[in-house]
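Just below is one structure, and these are the notes that go with it.
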Amino acid sequence: MSKKSAFLFFLILLLNSTLPAAEKKLTVVTTLFPLYDFARNIGQDKVAVTLLLPPGIEAHSYEPSAGDVLKVSGAEIFIYTSKLMEPWAEKFVRGVDSNKLLVVEAGEYFTAKDPHTWLDFSKALAMVNRIRDAFIAKDVANKFFYLATAKQYNKMLTDLDAEYQKTLVGCQNKVLIHGGHFAFGYLAQRYRLRYIAAYKGFSPEAEPTPRNLAELVDTIKQYKVKYIFYEELISPRVAEVLAQETGAQLLKLSAAHNLTRKELDRGVSFIEIMKANLENLKKGLLCQ
Amino acid sequence: MSVTSLTIDQVTVKYQVSEVLSSISFTVPPGDYIGLVGPNGSGKTTLVRTILGLIKPSQGEITILGTRQEKFTAWQRIGYLPQKLVSFNPLFPATVREVVALGLLAGKKFPKRMYRTDEIAIDKALAMLEIRNIKNKLIGELSGGQQQRALVARAIVGEPELLLLDEPATALDPETREKFFTVLKELNEKRKVTIILITHDIGNIGKYAVKMLYLDKKVIFYGGFDNFCASPEVTDYFGEYTQHLICHRHNVEKGKS
Amino acid sequence: MSMFNFLSYGFMQRAVIAGSFIAALCAVLGVFLVLRRLSLIGDGLAHVTFGSLAIGLFFNTTPLYVALPLVVLSSLGIMKLTEAQHIFGDAAIGIVSALGIAIGVLLVSVTKGFNIDLFSYLFGNILAISKTEVAMSIALSAAVIIVVALFYQDLVAVTFDEECAQAEGINTKAVNKALVILTAVTVMLAMKVVGIMLVSALLILPTVTALQIAKGFKMTILVAVIAAVVSVWIGIMLSFFLDWPSGATIVLVSFVLLVCAFSYRKIR
């Protein structure tokens, strides 16, 4: 902790002590894991964050339950990525009968229709800031606390970005073959990788076409790709088939939409997942 | 003739609590031709289905061709034509030939295969009912009468010793009906097939059946047709007038032939 | 990549081989199921599989070991409902399948999630078939078709007229049981290989196509098998040239065949 933030922390403590003893936490519900982790890091003990998506459930096609509506009804802030990422979230929020609820669309979509904004860490910074602002809007008393924690977290994201830049610059192979849906477009773009996904669609609901797969096989052979990446949660059938076809090996590359039960229980963080991804990318793309 | 075709001994069938058949007893000697008659809901079909083991009687004993029904397995010795044509799916894509072939399954052991001798038997049955010309037609595309004949061919193709027919003539036009009954008579007289025939047509029964069994939850009358006309039980049941009507028409037809 | 050597890709070869065997298998069973008004049993059992897999995951075992017997039991349940309780086949399937889905959803909610997405575990894709699955498809098809061949006459008799079949001494209940058990095993395993959409389509469409033109029962089965296998071949080929998903293309081809057969029947 820097001196400045230590000071801020002290200040916040002082401010807090002036509040009534039974302090009520800000209640926040997020849809996806990255948002959950961002909110958790910004809010820390000032905020009670709930992850709506049950572990292991695929994010794009989730159907909220009655309990989910209840959870959100009782919350003060609801955070989702975007209409494109969670098409169900927008409709769902309309069904929530609460006027104190602040709805935050944390992500954005600039190019194409790729909703996986958190996988570009510079865009992730913007997401963090939006969440921070929402917290401040609902809980002005802790403004400086949120500013400080968000800044701290953004520092981690910037460091992560730098580490990715440094590592991925020196890779022998620049072709990222992914046996899943089109999730890593932003990441590939930012670090100048060629990205080919088995499913052209941005959602795992779409099915790959035979020509997609044939192109993948050809590319794998042409560039002598040794490793194929597969996505989290969804059983990696397509990646397995590509591996069987080309003799390449499989490596996991998690887009962190959601975690498994085990990971969640272990308290895995977004930064950890991205670091694990970098390790696998380093191995798979033969980086120095 | 120690072995009877069929012995029904004190058979009672209940549907839930009400008795559909109460304490039925009768014996059918080999080679008999029995017309089974009675009003709607009198248990005629129930009786036939009970004989076939499709319904379990709550009391009594049935003996088929000398064997207790529970132990009876030689179902190829029995031919059966169920009541309604609708009991089979009209969209069913089988040819007449394939339908008739099903009648041979009862006599076969696993795995059931069709042999050359079976083909001959099928051809014979088809010829007997005069439906050889439509043997490759789909059963669903035929008229009711043709369908009925195909199903009768199925019932007789295994050369059964006992034939149970549930209103086989209802779907037939008068001309076909005549032919059909001629076939049955032939089977009965030449091949000594025992026949039990459910019919509504009491008036014509004497033309083909040798005996008559009048059923109304219990046996009202069982015996030769002429005795029917003289039976005081029948008079009690029908009243003199109806009995006279039935018997008179019968006598007229008899006189003609 | 050349357009005309699409069969040089291993995944395409596996799609054609496993696809053909599963198509033939589904068509053979489909003829009996459609005629018994159990057409939707494929969809129903898929739902039950979802619930059964959830139960398997709930008890932390290999899901398939729990799911297979449960799905077989459910299929017998469907049969029992249609037999004893005077419930129509479609209603029976609806009851059992709703129950299966409900149990699945319930368990997913109660346990607060699993370690893998249930649906992706459930639904295979014809383009993503492993070598083991090819072998499994061939073995399954061979086994089921042999059993059907051995009991062919009994199956026909029971499907044609259950009452007469029973009077002829055929153990109709056993035949019915055998049919639904074969169906359950087929749906479960084939679904994992080619996906439920394809399995339920291949159980129904080829049979209905065959019913339009076939002149006899054996021919119906034969035409259904040919229609199913041809759909798979043309579908895979078309999907390659048009850059469409293969499963959906196969279903469309299958439908086009049905329309052709239907028109042929009309103009004949």
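Order as written gives the chain letters A, B and C; numbering starts at 1 within each chain.
Following the convention adopted for this analysis, a residue touches a chain if its C-beta (ideal position, glycine included) is under 8 Å from a C-beta of that chain, and two chains touch if they have at least 3 such contacts.
Quick caveat: nothing in here was measured; it's all calculated off a predicted structure.
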Two chains sharing the most C-beta contacts: A-C
Central subunit by CA centre of mass proxy: C
Most widely separated chain from chain B, with each centre as the mean of CA atoms: A
Cα-centroid distance, chain A relative to chain B, in whole angstrom: 77
Geometric centre distance via CA averages, chain C-chain B, whole Å: 41
Contact set on chain B toward chain C in their complex: 52-54, 73, 75-76, 78, 80, 82, 87-89, 91-95, 97-99, 102-103, 105-106, 108, 110-114, 136, 138, 154
Complex interface listing, chain A residues touching chain C: 53-58, 61, 65, 67, 204, 206-215, 217-218, 233-235, 237-238, 240-242, 244-245, 260-262, 264
Parts of chain C lying in touch with chain B, wherever the complex brings them together: 35, 149-154, 156-157, 159-161, 163-170, 210-211, 214-220
Chain C to chain A touching residues, read off their complex: 1, 6, 9-12, 14-15, 108-109, 111-121, 124-125, 127-131, 236, 239-240, 243-248
